[in-house]
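Labels for the chains are A, B, C and D, by order of writing; each one numbers its residues from 1.
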Amino acid sequence: MIAVYLVLLIPLIGIVFFALGGHKADTGKINVRFNAICLLATIWLAINVLNQGTILSSDKAFLIDPFNVYLIVLTAFVGLTTSIFSAPYMAHEKEIGKLTDKRLRLYYSMYQGFMLAMYLVLTTNNMGVMWVAMEAATLATVMLVSLYRTPESIEAAWKYFILCGVGIAQALFGTILLYYAAVQIGDVENSLLWSVLYENASKLNPDILEIAFVFMLIGYGTKIGLVPLHNWLPDAHSEGPTPMSAVLSGLLLNDALYAVVRNKMLVDGSTHNNVAGYLMMGFGLLSFLVGALFLHRQKDIKRLFSYSSIEHMGMMTFAFGIGGPLATFAALLHMTVHSLTKSAIFVTVGHASQLAGTQSMDKIRGLIKTQPKVGWGLLIGTLAIAGFPPFGVFTSEFLVLLATMHSYPWLAPLLLLGIGIAFAGLFRHVQPMVYGEKPEGQLPVKANLWPVIIHLGLVLWLGLAIPGFLANWFSQATLLISGSTPL
Amino acid sequence: MILVSAYCAVLLSFASGLLALLMNQQHILLTLSQYAVKKCFNDAGHRQDWLNKYLEERHYPAFLRLAVFILLGLSGVFAVLAGLAVLITQSVITDQIALGLPWLPWHVRFDCLSGFFYLIIGIGVCAVSLYGPGYVHSNKEKDHPFAVLGLFTGLFVSGMLLVLLADDAFFFMIAWELMSVASYFLVAFQHEKSANRRAAFLYLLMAEVGALSIILGFGVLASFSDGFTFDALRASSLSTTWASIAFVLALLGFGMKAGIVPVHVWLPEAHPVAPSHISALMSGVMLKVALYGLIRFCFDLLGDVHWQWGVVLLILGTLSALGGILYAMMQTNLKRLLAYSSVENIGIIFMVLGLSMIFMANGHPQLAALGFLAALFHAFNHALFKNLLFLGAGIIHHQTHELNIDMLGGLIKRMPKTSLLFLVGCMSISSLPLFNGFVSEWLAFQTALQVDVLDNGVLRSLIPVSAAALALTAALAAACFVKVFGLIFLGQARSRNSGKAHEVHDKGMLAGPALLAGLCFFIGIFPGVIIHLINNVSSQLLGATLPDDSTLGWLWLAPVSAHQASYSAPLVLIGALIAAGICYGYLRRNPLTVMRRAETWDCGFGGLTPRMQYSSSAFTMPLRRIFASVWIIDEQIYKDTQGAMNQDVTAVHYQLHIEDHSWPRLYRPIACGVNSLSKQVGRIQTGNIRTYLGYSFATLLLLLWVIS
Amino acid sequence: MNIVQTDFYTQAILSMAALVGLTSFLMLGQSRLLRLIFVFALQGLLLTSTTALAAYSLDNPHLYISAVLTLVLKVIFIPWMLRREVLRMNMHRDIQTLSNKTMVMMGGASLMVFSYYVLHPIVQTTSPVMLNALAVSLSVVLLGMLLMITHRQAIAHVVGFMSIENGLFFAAIVATKGMPMVVELGVAFDVLVAAVLFGIFFFHIRTSIDSMDVDLLNKLHEVDK
Amino acid sequence: MNWLIAILQTLLFVALAPLLAGWLKWCKCYLQNRKAPSLFQPYRDLLKLTHKQPVVAEQASWLFVTAPYIIFSATILAASVIPLIAVDLPTSASADVIVMVGFFAFARFFLALAGLDIGTAFGGMGSSREMTISSLAEPAMLMAVFTLTMTASTTNLSGAIAHVLNSGLVLRPSFVFALFALILVAVAETGRVPVDNPSTHLELTMIHEAMILEYSGRHLALIEWASQLKLMIYGVLIANIFFPWGIAETFTAQALGYGLLAIMGKLGLLAIFLSIAETLVAKMRLFRVQEYLGFAYLLGLLGMLSHIILEASR
């Protein structure tokens, strides 16, 4: 149990520490250390959970079950690797004078703040606190989106702020309704606790829960970036500093989805028709297809990949919507591999745009000649995210597809269509950037590409073989969510 | 044992890929080896020198290249061994590898069908690995790093081998895509030219689409069965409709890879731009893997075939065969031409496969076996001579830096060995007797002529027509390769490059093609060798073999029965030798009549120039007139005139541009559709925050309304 | 059932609900920013008194705390901040008239009806009072969104956002007698931070487009112009 | 014994070919009121050519020199397949009708290459046209032949002829079509009027002659002989497939003698018909040829269909 407090405490210290001394030269490395310690703590936590099953803290404030514990580890891991990447990146940004000490302080302390919010979302047992943390995550990142203070970044941040704020407000209304429904069955004080709610989900009033779920879906769905609530996402990703885009894509979206799934579990427990599932499938498929189409008309490299995030989140939402062990397993796997791959891609994207001095894709050419590591990283990462084996994304997409074939065969062609369109959309832009002759005056930048190598290596490993402990981890989570396991 | 060697083939090719990665790590190796030597041996001196000799700057790259290709060659040898072994023993070996999904390890199955294609791949890889070192020697390490080439070549080969081993849908798809992606990197290897990038993109895109439709095909099967292992899929029982849907999906997917019209367009784009030994592998071997996929899917997984599918295959095959050769006829780039002729040969194979399906569905398994035999045999032959031709093209390009037929000429005197090998290739691809191409074509005709046994009137009249189309194809192929050989090797040199070309020095570059050429001839004379092997395949897959007609003995080839049709290549060869020998001896006996060289007759105009010779477009002009509607022909002639009333013409410019019909008809519309669709979708993102709020507001109301 | 039969608390709550709804309508109709802010503060005040009332009649002490929080945040701090902003930008004179006011009002009214319709299924589980309260608060939320959609100044957007918060808060108080304390505090904290951030953002927006018209923030889009 | 007869028959084939050519020329001269050379003129020409010293162009490679031998032997092989005076000979079993077509293709392949080898415009022109025409003629011919082989359900020529012989005089509509198709193809393939004119050297019209323009001496002799042989082969095909009567089925001297007489008679008649046709018809433009051959193909197709639908339908 101490692990949980540790996980929450370290970022808290981090916030204060960096707020005071975030501008020092070696802050990047310190940031890395903070995240590394966090990762260790989470691993410790994970081991505990794996050994003694679900942990519920004594004051019922925190609940660690197989579903969230692996997300926690994932969060810590991506946080760590992204911080590794951000150290040289931010140093470079400071060198070229895009950032001042003050903003650097802000950046690092908000980085920790964001991590804190993420951990809180995942670990808490209280739906209300989950909402608070989610809102806090928005507030922490909104200043980072506008870190460069360009008009575009201000605009992006404003949109992000307003849209997510309004959206999240809906989620709060949903939470209130949930609470209202829970109060009906007594135990006023604890009736927002997930553990309590989940135990007597069947007693909750289905009508209220359906309405509540709609609000939750709209609210957290805005954060997931479901079409048509997605509009903030590409702006925020493209205008903020790249490490921010990496964690936004890799973590924030996942956690929003996590919140939705938690609520879906409640709703399913109470209303035994699969309404929540259908809603999620509809939104998921829509976002998947629309996101895929948007890929074709991008000019900004980071926008491109943020749309691909929308597309993939759509697929996960769809898969969770299908329900059933296979789909759920696939969705969990897809969550993992997507956040790994996408953050790796954003690392390479960041360096690519640094060495080109712009994010516009027409200017970025011949990366393989300019800086081979970055070029190959981007190319292979794109292959991975486009769902080519033997990378893990293929595995999960394959499973989603088969689950679809089993339950809703007539949707499978749509899914394949989306994959095809998305692939074309990604590659028509990426291939010209990596291949070809190097443009004049583009020089390699100082880059630490270990995150890319590690992430892609992991994704490759997951594609070739899912290690036993992870498989059984996933299957426990699947068991929790869908009630049965594919194994 | 057999399986072990099969695995060895995969692992070795994989290892060769990894070894290539060490291209730039020689210093690490150096230090490592020195350390090791110091540790292990007490007399470190001369070993040290020996090591340094190989690891120092000068020798290292050549040494490494050699090592990589040796590994590749070994994998080829192992593949051949494994294939032969399993074919001879007729065994089925299954295994599981503890990779993949937790509840679905990779299933491996090695049976005669896989074995046969293993054989094909093995031979191709052997030839290529003989040829490779000399060919890649001239690459500049900086622009075209060997590490990349070697790595992806290794992955490509191992991917193809794994496809043959796969016994569950998941593993199959992984191997399949590994093959596609690796070959994509190879196509994009020389990515400075925009044409190459375009080709690579097109290739990968079509590979992806094909793979998706294959997945969907598997999905259809899987949704009627439990699990994705091929055993489960075999067990699944589908209604005719669903089976046909699965068939169509598989046909689209595998056909896209195999390059049947109209989904063939990636072939002529991708093959020319890849390095020649790669295009040899792609055209000679990878297309066969696609064929394997189709056979596995239709004959093995789907089980009971329907004659309608056969008709579909027959028609598509006929189209591809005719279209392929007609397009090939018009090409001036040698490798493009060869790529199109691959389309033609694949078409022929599909035709015969369709026939075999028809016979199978009508309950004539023996005739089905005959068709199957013809198809596989032709696949084998095509692998041989197409590899040979691509390697030859590689040599030509390597020596003259030209691939444009109109720029070559007269190489037969400067490159005698190459020209001989290439001639063999041309003769077998245009299916002349005594060479292997003819045998498979003969078998194809024999299959078509068995139509009498069918009852269905449509088939009875359709099949002979397609047979005639096959004849037309063969004749056109002969014309096409007369053009190729005649313009490249005969006559006078049409450009300086080809004027000062000379024979390759590297033995390996000749040994690879020589191996293939020898096989072409050998199989042409003794086809029985392969036919027995294929018989084993069909007995295992279709449960039927040819009527064993051993009364005639090994000299004779009588697929149906002796009195119906028979062909004895050895006797023919002997006869030919006798006849030629006699008249040669008889006519040469008189010493007075020794040859005299003299100037070519030039109609009295003094001095023939190379430009007076027939060019490629001139050679094919009559056919272009005759089959005009097959191509989109854009032919322009400008005359520079001067003098009084612009009477006298000083120069004439002639431009000929020929395009495939499938581009404007099929592909451009799709591209435009996607673009305009995305444009429409783009409109929802107006950039105005109030609109966005409106969206979420509307969504909320909508959902609330839906719920209540 | 009849209003007469209910106790005083319920009647008070219902009338409060009516008033809160009314204020939302007023805000929707406002075209002058200062007045908008004033009405918003009024709504905050109503909310505070509701909270206090609930705290008193249900003697639920921690509601007093949230009442105080509401008073400080929604009645004093935020209106003060916004007002200062308006004066600094000297926008207190200019008027943004809604293009078709009647339509908007009709829309608002229909939203109210709609929220009754949506929450109708709840009625069988609980008293119509709750239904009323919830419906009103839902309609306040929706009206807040409508306000944001129809108004163009950033300040109006902030007001809308905050009035949505008000609606939520109202629901929390009357329907569920207040959320658990920790949540209350968290929400309040978020609102505070949000308010501060809004302050910062006004500054940035002013410096970047030197106006408060959000329609001018439209550089990032996917439409070919 | 059989082998001996087979070889003898092949030799006879080779020996008679010039005679047929001579007879054809004689008939034509007679019809055109010219004074005819003797029947044996072709033999004299060949002999004379073999004694001349061959002159070879400078650009020519080894292929140019070896081509005549290849062409000649390929044609001989084709001849050896065909029953001239007797059926059931072992040579005909070693290769069926498809292989025979293959032999022709073989010869043509090298002839065309030789045309290209010397690097003049003529050679290229000749081989281009030759390949074009042949690639159109081949399917037509195969269609015609398939009609026969499907009737006899064998692609083995002597087997097929024997089948026709044994089934007595049956009037098959398919055979009528096939016969005409084969005749048209034969005219095209052997380079006679109206497709090509063996006795012209006008570059606009010549096809076969253009390719062999550079040949001389024994090489020319071989090629000429090969083309005469080809003419005879087609003649024998037409004669023996459609009117097989008289051909020897047993290997007695008497039967063989009758067979010889029969075939000579048939060929003589055929030659007369051909010469009449050549005298009456004018040579057609090159780009009319595809219509001509298309017609031949159509006939073959009709023959095939009428066989399938009328004769073999169940």
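The rule is simple: a contact is a pair of C-beta atoms (placed from the backbone, for glycine too) under 8 Å apart; a residue touches a chain by one contact, two chains touch by 3 or more.
All figures in this text were calculated on a predicted structure; none of them were measured in a lab.
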Shared interface partners, meaning chains that touch chain B and chain C: A
Chain whose Cα centroid lies at the greatest distance from that of chain C: D
By number of C-beta contact pairs, the top two chains: B-D
Centroid spacing, where centroids are CA-atom means, of chain A and chain B in whole angstrom: 44
Intercentroid distance (Cα basis), chain D paired with chain B, Å: 37
Rounded Å distance, chain A centre to chain C centre (Cα mean): 31
CA centroid of chain A to CA centroid of chain D, Å: 79
Contacts with two or more other chains, residues of chain C listed in rising order: 118, 121, 145, 148, 157, 214, 217-220, 222
For chain A, residues that touch 2 or more chains besides their own: 158-159, 162, 166, 170, 211, 234, 294, 297
In chain B, residues with contacts to at least two other chains: 679, 682, 684-685, 689, 693, 696, 700, 704, 707-708
Touching pairs - complete list by chain label: A-B, A-C, B-C, B-D
List of chain A residues in touch with chain C within their complex: 126, 128-129, 131-132, 135-136, 139, 142-143, 146, 149-152, 154-159, 161-162, 165-166, 169-170, 172-173, 176-177, 179-180, 183-184, 188-189, 192, 205, 207-208, 211, 234-235, 238-239, 294, 297
Residues of chain A defined as touching chain B within the complex: 158-159, 162-163, 166-167, 170, 210-211, 214-215, 217-218, 222, 228-229, 231-232, 234, 275, 279, 290, 293-297, 368, 383, 386, 388-390, 394-395, 398-399, 401-402, 405-406, 409, 412-413, 416, 419-421, 423-425, 427-428, 431-432, 435-437, 463-466, 468, 471-472, 475, 486-487
List of chain B residues in touch with chain C within their complex: 679, 682-690, 693-694, 696-697, 700-701, 704-705, 707-708
Partner chain A, residues of chain C touching it in the complex: 118-119, 121-122, 125-126, 130, 134, 137-138, 141, 145, 148, 154, 157, 161, 164-165, 167-168, 171-172, 175-177, 179-180, 182-183, 186-187, 189-190, 193-194, 197, 200-201, 204-205, 208-209, 214, 217-220, 222
Interfacial residue positions of chain D with respect to chain B in the complex: 50-63, 65, 69-70, 72-74, 76-77, 80, 91, 93-96, 98-99, 102-103, 105-106, 108-109, 112-113, 115-121, 123-125, 127-129, 131-132, 134-139, 142-143, 146, 149-150, 153-156, 159, 213-214, 217-218, 221-222, 286-287, 290, 297, 300-301, 304-305, 308-309, 312-314
